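Each of the two complexes below includes chain A, the first together with chain B, the second together with chain C.
Let's look at the complex of A and B:
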């Protein structure tokens, strides 16, 4: 299987909208949640449309558009998005409207914009793209489901597919999930998330898009060699067994993996799984993490893929991503492992385009 | 990649019945399920006509033998009933070593529970039961169903508005073709909620009476609720367990109308394209289609758009066309799979349900839907349409073996 990641688009709590740059100046905010840095939306989106868009649609659209502009692809064969909570802000607004006037006369605008496939539909509308258009909404496997669909389409007959993962933070979501004790109670410096493990992670958000293509291009970052999505695997041995199978299916062995990208989130309970994996299987590997940069959200793994693709494309691992210091001089094969809320696990194998 | 996709069992619940047998009975007796809101707690109770499953959540929980304290959303409850029936109907043994997945679809997820939460939370942000809001997302009902049935190999959820479950059927079929699964339970579930009822009401596309699909005087849709699942199976799985499937999924297609966030293009370009892709996939000709189970929501724009697409596609050889929305109401994410089950019943029992309440042909498009129940007829191929917000258009083709 050769599926090329040819272009990236990324709006996140880091400076990630310039693909030539790879976390050279990491943002180290001290906060109780990590929100996206707003790019200059007007630079690539139409001003008239911006007014009507929620934040999620705005940064999602920007990220997608960044991918489209840089790839110069004219005939897109599919648009596939993954989102854990969809257009949350518009959903909340419409719910508030319903109770605000006791189910009286309501404006339908928020309702219309609150469907989970709003962004994929909006991208199709903007491009006048009548092709395949899907949206996956399965918690921590939303983005991975979209990616799997994209891989299948390329194996069928598609040439260029836009795949993205996106979720937004809202005040209400934060207030509710804080009550659920999902996050740290006090503000924390982003880069200290792993050095100071406690109960709770830190909430984040973002939109990361990828142009998947059948053919390599001058901008290719990496090849996708395999993807596996797991639902509540029985044990750590099961997870590791699936990793080995994935790697073997690609004609490789565990020894060929140069970097393991981990989705740990700083929560002492949830991170036990990663710690055990490291201790038992990955002692001699170069390890990296990413959720201290983007925060935890249902599609954060899309940001994780962005870091992995950048590493291979640039043959460089920024210090801010490294969990240890056993750097391999050449980066060929990267394994990305993410776990969301102990339920949704994903394994993704990437390879250097020239390998 | 060329293997067949068999349909080996189905389950459904909607306003016309709590299971497939009751649904079949209702169709043959022409008993629709549209009545003023009765169960849903809303100001519109007793007024807006809907296709409601006439059981309270408590009754559904009792039917399922679940613990009330689990606090499941209505979407989970409806979905679990239909999914259990589909598995039972297909007589499959999940422990036979083959790979089984679940792909569900929903638009509302657990928003019925979020509504209860928000009412309290808006008054005081320290109030509202967290158990309610934790069911909000769309993946919740799917994971509950997966764990209830013991399906772990692949679990995912699709949400593309009113075409959602047609798309979960399509994704499931493709995963079998890619040899990622041996069989997959596919479908969707959506409950009636204050969110959708008030949303569609605000859009002014709810008929205050029983809906009239494809009629000149159609006046909007009736919302419904329900769930349906079908088990798709590979040749390998069918062979291994020596099972005789009901029928075959021969075609599927998805296309985007790229016209407007919520309205369909008048000429129905997305609909036409989805149907064409499905036909191409099935390697059938237009003439092979015996019956179209149309999306036919009875909104002004859908029926015009879909009617135009059907006329363009079939030209002068129009098959039987009908919408079953006047029986079940528009069940949103569940519509595609509910109508797939109704199509399976049509194939199996050789009948076509009437398009209820039709009296006058639309001025713009000369579509004459099925007026009376047709029985004892030979049907080989049925095309089923589902279209949604975001321009999402899907078509499935279900065929006799």
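Let's look at the complex of A and C:
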């Protein structure tokens, strides 16, 4: 069965809210973290609802609403989100509220907005959608788990499923994870992340939504041909073996892969894995990366999928994504490989809708 | 009374995230609910929390709440009559 990605919605540290534009003017901010560029939320979200929303809910709702508007789908069969940390800012506010008020009278809004499934619920409320509604919180495999659920639902009987991945940056999260030496100490220009590998990556955030369907539409970007989620694979050989198995399951061979999208993040230790894969297996492939544009976060693979779907839909690879200068072929098959914190690995195979 | 009203307007804007309003935009006698301010039942709960935290006043009866939360002035009058010394 073919599973089509029919519409995209994306809010990120890049200009990604206009689907007609594909990274033509990449943002090259110099900072210690990459925060989302806030779109004009009031343009597509109701003003009355906005006042209670945290930033994550706002850019998540914007991204989801963008999908709904562009797809013109009114009746969803499922809303599935993946988030590593959920509505972290509101959780922090609520916990501070509990502490500051000696567990006494607490604000209902902060509590309501602090749960991980707030966004899925808000989308359902907005649409009066009482169908399947699920939120996956599986660390670095949260988005992939949501996507896998969506794929399985479409393979059963569902159609028109909204799947998204989202996470936000907060000052507290940054302060804690900096002590764990996850991030660079000094500010860095986004586009220099891979040319200047050091210890630590750059934290990011974003929300990417995808309208999946078993039916192709005039706006279809790509077909999903396979997905694998791996936890701490033993070796490079294991990862490559899983890639080969995924590609063979789709009736293809490694030679048919035109582009490999890699989730390297600029951390010199974590990127050794990608460097070895490239050295041993992907010397002749067109390689791209994306975390210099969105930063590292638990659901950054959703941004990676957005780049892969855009490449296939537009038959174009923006220079800012390219890691090497192979000749740009006609794009038919794209493999996305992401690794989060050397633990959660995922493989995703996409195909051109006309292939 | 006017002092409580002005303080209350600032507190309401902050507590209810009425980001499009300034204190001068809110008339002390205008209706808070089913009005241009767009307040709803969750906001009523937020106002209950505000009164208890800032003024030590508990609103336990729903019927009392409907009268008290009619306008900024009615809330200010309730605060004035019941504020803990």
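The rule we apply is simple: the second predicted complex is superposed on the first by the 353 of 355 C-alpha atoms of A that agree within 3 Å, B and C clash if a C-alpha of one lies under 4 Å from a C-alpha of the other, contacts with A are read in each partner's own complex, and residues count from 1 in each chain.
Quick note on the criterion: contacts are C-beta pairs under 8 Å (C-beta built on N, C-alpha and C of every residue); 3 or more make two chains touch, one makes a residue touch a chain.
The model shown is predicted, which means the values in this text are computed figures rather than measured ones.
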Tell me which partner A:47 touches in the superposition: chain B (first), chain C (second), both or neither.
second
Just chain B (first), just chain C (second), both, or neither: which does A:195 touch?
neither
Taking the superposition on A as described, I'd like to know which of chain B and chain C A:139 touches: first, second, both or neither.
first
Between chain B (first) and chain C (second), which, if any, makes contact with A:128: first, second, both or neither?
first
Is it chain B or chain C that touches the larger share of residues in chain A?
B
Could you say whether A:106 touches chain B, chain C, both of them, or neither, answering first, second, both or neither?
both
On chain A, positions contacted by chain B and by chain C:
105-108, 112
Where on chain C does chain A make contact in their complex?
15-20, 38, 42, 45-46, 49, 52-53
In the complex, go through chain A and note every residue touching chain C.
47-48, 51-52, 101, 105-109, 112
Which part of chain A faces chain B closely enough to touch in the complex?
79, 84-86, 91-92, 94-96, 98-99, 102-103, 105-108, 111-118, 120-122, 124-125, 127-139, 141-142, 145, 149, 152, 155-156, 172, 175-176, 179-180, 229, 231-233, 298, 343
Which residues of chain B touch chain A in the complex?
1, 42-44, 106-107, 109, 111, 114-115, 117-119, 121-122, 125-126, 128, 130, 133-134, 136-140, 142-143, 146-147, 152-161, 167, 171, 174-175, 178, 180, 194-195, 198-204, 254-262, 269-270, 273, 388-392
